[in-house]
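In the two complexes below, chain A is the common chain; its partner is chain B in one and chain C in the other.
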Partner chain A sequence: MKVLTPRDERDALRLYRRNPDAFPLAGGTDLMVLWNAGLLNKKTILDLSGLRDWSRIRETPKGVWIGALATHAEIRTHPAIRERFPLLVDSCRTVGGRQIQNRGTLGGNIANASPAGDTFPALAVYAALVHTVSDNDRRVMPIDEIFAGVKKTHLKAGELIEGVELQTPPNPPSRWRFRKVGTRAAQAISKTVFAGQLWLGKDKVVDDVKLALGSVAPTVKRLRHVETHLTGRALDGKTIESALRLLPGDIHPIDDIRSTREYRLQVSRNLIRSFLMGR
Partner chain B sequence: MIRFTVNAKTRTFSGPPFKRLIDVLREDFGLTGTKEGCSEGECGACSVLIDGKPVNSCLIPVCQINGAKIETVESLGVPEKLHPLQDSFLREGGTQCGICTPGMLMSAVAYLRAGGDASPEAIREQLAGNLCRCTGYQQIVDSVARALGTKPKTGSKAK
Partner chain C sequence: MPAVGQDKLRKEGPKKLTGAALYVDDIPVKGAWHGVTVRSTVPHARIKDIRFLKGFPWKQAVVVTAADIPGINCVRLIEDDQPLLADAITRHVHEPVALIAHPDRSAAYESLKFVEIEYEALPAALTIEESLRKKAILRGSDNVFKQFRIKKGDAAKAMKKAWKTVDTVFRVPHQEQAYIEPQGMVSWFEKDGTLVLLGSLQCPYYIVKAMQPIFGLPEEKIRVVQAVTGGGFGGKEEYPNMIAGHAALLARKAKRPIKMIYDRHEDMAVTTKRHPAVVRHRAGIDRKGKLVALDIDVVMDAGAYLTLSPVVLSRGVLHASGPYTCADVDIRARCVATNTPPNGAYRGFGAPQTLFAAELQWENLSEASKIDSLTLRERNLVKIGSELSTGQILKESVGLKKCLEVVVKRSAYAKRRKEHALWNKKKTAPTWRGIGLAAVHHGSGFTGNGEVFLKSRASLSLTKRGRFRIEAAASEIGQGSMSTLSQIVADALGVPYEWIDLEVNDTRRVPDSGPTVASRTCMVVGGLLHAAARDLKAAILAKTKKFPKTETELQAAAKALAAKGPLRFTRRFEKNTDIEFDDKTYRGDAYGSYGYAALAVDLEVDRTTYEVSVKKVWTAQDIGKAINPKIVEGQIMGGTLQALGWALLEKPVYKNGAMINNQLTNYIIPTAMDAPAMDVVLVEEPYSRGPFGAKGVGEMPMDIPAPAVCAAIRQATGLLFPEIPVTPESIAEALRRKK
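Our next item is the complex of A and B:
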């Protein structure tokens, strides 16, 4: 076990380029579980905790910047995020218990790329942009394009997540909701995670709608077919049901030890229906 | 060398940087009040405070605590003079086998200091990262509510 302890960003990126097999360490709530299970023996660790700037959350002209090392607890309690991005607050509140929220970071949550990552549906409906950096490059990727599969991202060797950019929507939504369905309210892996925002215009016509589901596919999914069907139509029972029939085109739920495909589809339909009906 | 404080006492450590905080506390400093349940972050038995915040000491390599302020259950009361939380855990039956208790107390003490709200829902959310296989939780919620100065409605002593 070798631990590299960079003091700043330049140092970190240089060390990571020279040691592309190193495991970046943020809050350790995922990585230390592997270490405790003996899976990191003889590996190299790149401890990011010295990169103070990377834990900052700050307001920008267009919205909010969340450094990769900001913890779930810091995000959950930040005034600007509470005011403008309540779905992210609600999702960070359900990540493990307080102990996990006090250590676990947003960058670690994304890089870990669990299909059940609780912040992803909220980030997806906010169209969050993930900023990455390496020794010779910077990139920006929409949250729903950074994931390559279960526990896989499109991060390249030597590349780190620097932070996440959120843009405040021009008008606040008429309605928003985050729901996590699991076996236990807190500290349980999600069976289905839902986040939605809805803008209603005159005569209940849908001006805009953004919906996302997690845990129902290898990666988080924006429900583009359902959203497109709803937009511009009056929000009534018939519209909702016809939109829901398009759901299998958006998500491809899996059968696994926790739940069946049919169960996941049904839960997803129920979550979307109750959100759209305002229940 | 890594330098930090444990219960207001300055400590240094120069062993392996990836030694877990729980092992440093128990093996190097003899502070065995902090317990290990799962080693996976699930049970919270190993909870300690770092800079006032509850964390799982089984998930923290000692290299990450340079300059930090650590508090363990040993910093609360002594048998002759219990901390108010320890006293209410005794009165309400908030402890049985006791394995979860040090972690419960550390999560609860952070909540008390933050001026936490005495509603059972808020207490349960605060303690969601601490598992107990004995009490069924109600007595623990009552204990914390008592320490917050509200008399629990469903005191376990009545049962």
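Our next item is the complex of A and C:
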């Protein structure tokens, strides 16, 4: 195994351009699993620990900037995030256990692109923007567009995730909820994971609603069909049930070693229903 | 101050806490190469050829196949049916076929990619059902490795006369021991030809016995040493024989030490698991709720070879009727061969399988009779003078009633049941709640005449330097045996706990005190040491008149007493003449004593996700005497959590005869965050032949939670799951079906 240890951002981007097959190393919680399985034998590692600035979390005029190297523990304890982006706090709290939260980073979580990435539904309903950088380019992509499939992103060769931008919504939502349904109380891979925000207007009319699910498709899904159906309608049992019937158009759960298609679909439906009903 | 009954600090605790303890993979072994195993990939086939392909520098490696075995190709246990390396035929996926050693660990693993085995497929029986249907024949004419029958009275007639009867098929799956340290062994030959094995293991003398036929060596030329061992739970009872044989074969051919360490994936895929079982349980009660008939049929999946299955099955049948009296009983049990990796010892050893059925059946009887299951249990519990299914009359030390009373009271069982029933009626409640009960017994020590055949020996020495030294092959595997045995000896001698040492568990230095299994170490080995301590004390008193009071006095006395070597007293197990057991008819005193336990589980089922969250467990366990209460509580809490995992989380997924979720990411064992609050009460009904009254502790906690969990889920959801694990998926599906 060859390890490259750049001193700063410029150095890192230059080295990455020259070694496009290198594996960037952030917290290493995903990479160590590959390493243990022997999958990193003879590979090159690009150690990002020299990029100090990249772990910073700071408030911006429009919201919050989270450096790619910020850990789940740093995110879930940050005052501005706790105040304005509670769904992200709740999701970071469910990642692995304390040890994983202390090392694992948001950038690593995104770049790893697991269908079960627990922060993604929260990022999706906040319409998070992922900033990327390479030796000769900078790009900004909405979170739900960075994923290309299971464990695949649209990152180009030599391109790193620099950070994530969250914009504070003009009005706080009337209701919000994050819920992870894993295999056990900690160190669990999600069977389904939900995040939602709801803005109710007069007479319980839905002004706006943002819903997302993870682990029920190759990538995180905003539930556009369900959202569209709900928006502008009065939120009653009938509306909710008819919106829920559209759910299979938004997600594609499967049977696997951890759960069944049927369970994932049913529980996803239950999660959305109980959120919308305010239970 | 006496040591017994005190929470003495663990003898091995400081070393483990500070990281100074060396597990087998931590031990530097000069010049050692790494051994790896070539395994079959098909469940049943003729092996036509093994090819070592180009592309790997085979010259750097040593390769062993069945042809290199100097003696008999077997893993000797009860029988010799299991080959150490598959030769002409492979009978399960992952069966060892060849061994490779290389100086570099990753190169050794890399070499596996360059081995090709050519097979001619044979029909395979992968499940109990396929085995009974004779989809493939692996053993005799019907795949039955062993069968037992316990018959008392006339169960068929009694069933006909019963007021209410129930008939249910219960199923329990494999379970992985998931000890924290995977299997590992180091082996080398000494200049004088002695074969040495150093590893993670429970039963050093099993390995001595297993190596003899393979290498044609006499017992004296085999030396087995236990390294610090990171858990066993039965998983390191017999499997180490296999890995020891492999490491030794490589060491012999490579003429250098060999280290074989399994990683977690290999360990989970290939080593023994708890036997899956199907238990058809029929029971009848009379109008008073008295259990009048039991007709039970047990089938266990042994896997491809016999290993310890007959003994597991035996314990299973002996516990099948639960801790209750019933006049007319018929229990039939078989273990059958399947083309899957052999199953073996796991904490509880057959009893959790049959007790699951025995206990959960009370819920069905309760439904049939409209008498609650607690009342039914109370009417049938064993007490002193009761007769078990084998005709054994319980003469002493029966604390079951007390255990049940304690649990019912502390858990406010009746009150909670009522409250939960109300809560469950609320339409808007986010959960359903339930509380469930179970009661069990567990025979301490080996079954029947097992201890008599074992003839265990244990010694206590006074060394020249004035230390007392325990010499026994009892393996500390995290259960606290070092401390427990030291406390027994300390009080038998009347000296401080700190004066007691333990000899290294090395077959060259310690006598065969029997395997570290069957909840027997404290009771049986502790009993031998207690007797040896009395002998030693008498000998010291005879010489010194006044027993030494300080370490200085002891050192002075030792100089004289142990001048020519340690002053040693050895005790051998002696048959208890009050107990008789007939191995052929299964009549008589199956165990000298039983532990008893009751337990209640309070849980909630989430109505949105069907996840089960265990809120609290109350348990009371009659273990005779808690030599070290902290250790006993630890055993009970750990075993309880392990059993909660079996009941709710642990779902082994088998495909084509192999476990495919052989990783802790997908085979879900509970974490600390999954552990509920536990209220543990120790009940002490002393056993006259146990040291200070002690009986077995280790396994009972594993026997009892699963049926209590299912009973609680029954109250919560109205569904009785006769099969574990009860996962959120199975609850969701059952509720869908009910609609």
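Here, the second predicted complex is superposed on the first by the 279 of 279 C-alpha atoms of A that agree within 3 Å, B and C clash if a C-alpha of one lies under 4 Å from a C-alpha of the other, contacts with A are read in each partner's own complex, and residues count from 1 in each chain.
Simple rule for what comes next: contacts are C-beta pairs under 8 Å (C-beta built on N, C-alpha and C of every residue); 3 or more make two chains touch, one makes a residue touch a chain.
Here the structure is a predicted model, which is why all the values come from computation and not from measurement.
Trainee: Considering only the touch criterion stated at the top, classify A:H154 as touching first (chain B), second (chain C), both, or neither.
Mentor: neither
Trainee: Once the structures are superposed on A, label A:V267 by its partner contacts, choosing first (chain B), second (chain C), both or neither.
Mentor: Touch partner of A:V267: chain C, not chain B.
Trainee: On the A-aligned overlay, A:G97 touches which partner chain: chain B = first, chain C = second, or both, or neither?
Mentor: both
Trainee: State whether A:H225 touches chain B only (first), chain C only (second), both chains, or neither.
Mentor: neither
Trainee: Is A:I257 in contact with chain B, with chain C, with both, or with neither (first, second, both, neither)?
Mentor: second
Trainee: Name the contact category of A:H131: first (chain B only), second (chain C only), both, or neither.
Mentor: A:H131 contacts neither chain B nor chain C.
Trainee: For A:G38, decide between first (touching chain B), second (touching chain C), both and neither.
Mentor: In the superposition, A:G38 contacts chain C only.
Trainee: On chain A, what residues does chain B touch that chain C touches as well?
Mentor: 36, 97, 185-187
Trainee: Can you tell me which positions in chain C touch chain A when the two form their complex?
Mentor: 106, 109, 263, 428, 430, 607-611, 613, 649, 653, 660-661, 665-666, 668, 670-674, 728-729, 732-733, 736
Trainee: Could you please specify the touching residues of chain B with respect to chain A in the complex?
Mentor: Residues 16-18, 20, 39-42, 44, 47, 50, 53-56, 58-61, 63-64, 107, 110, 125-130 of chain B touch chain A in their complex.
Trainee: Help me check something: in the complex, which residues belonging to chain A touch chain C?
Mentor: Counting only chain A, the residues touching chain C are 36, 38, 41, 97, 179, 181, 183-189, 191, 257-260, 262-263, 266-267, 270-271, 274, 279.
Trainee: In the complex of these two chains, what residues of chain A are touching chain B?
Mentor: So the residues of chain A touching chain B come out as 1, 3, 5, 25, 28-29, 32-33, 35-36, 45, 47, 49, 73, 93, 96-100, 102-103, 185-187.
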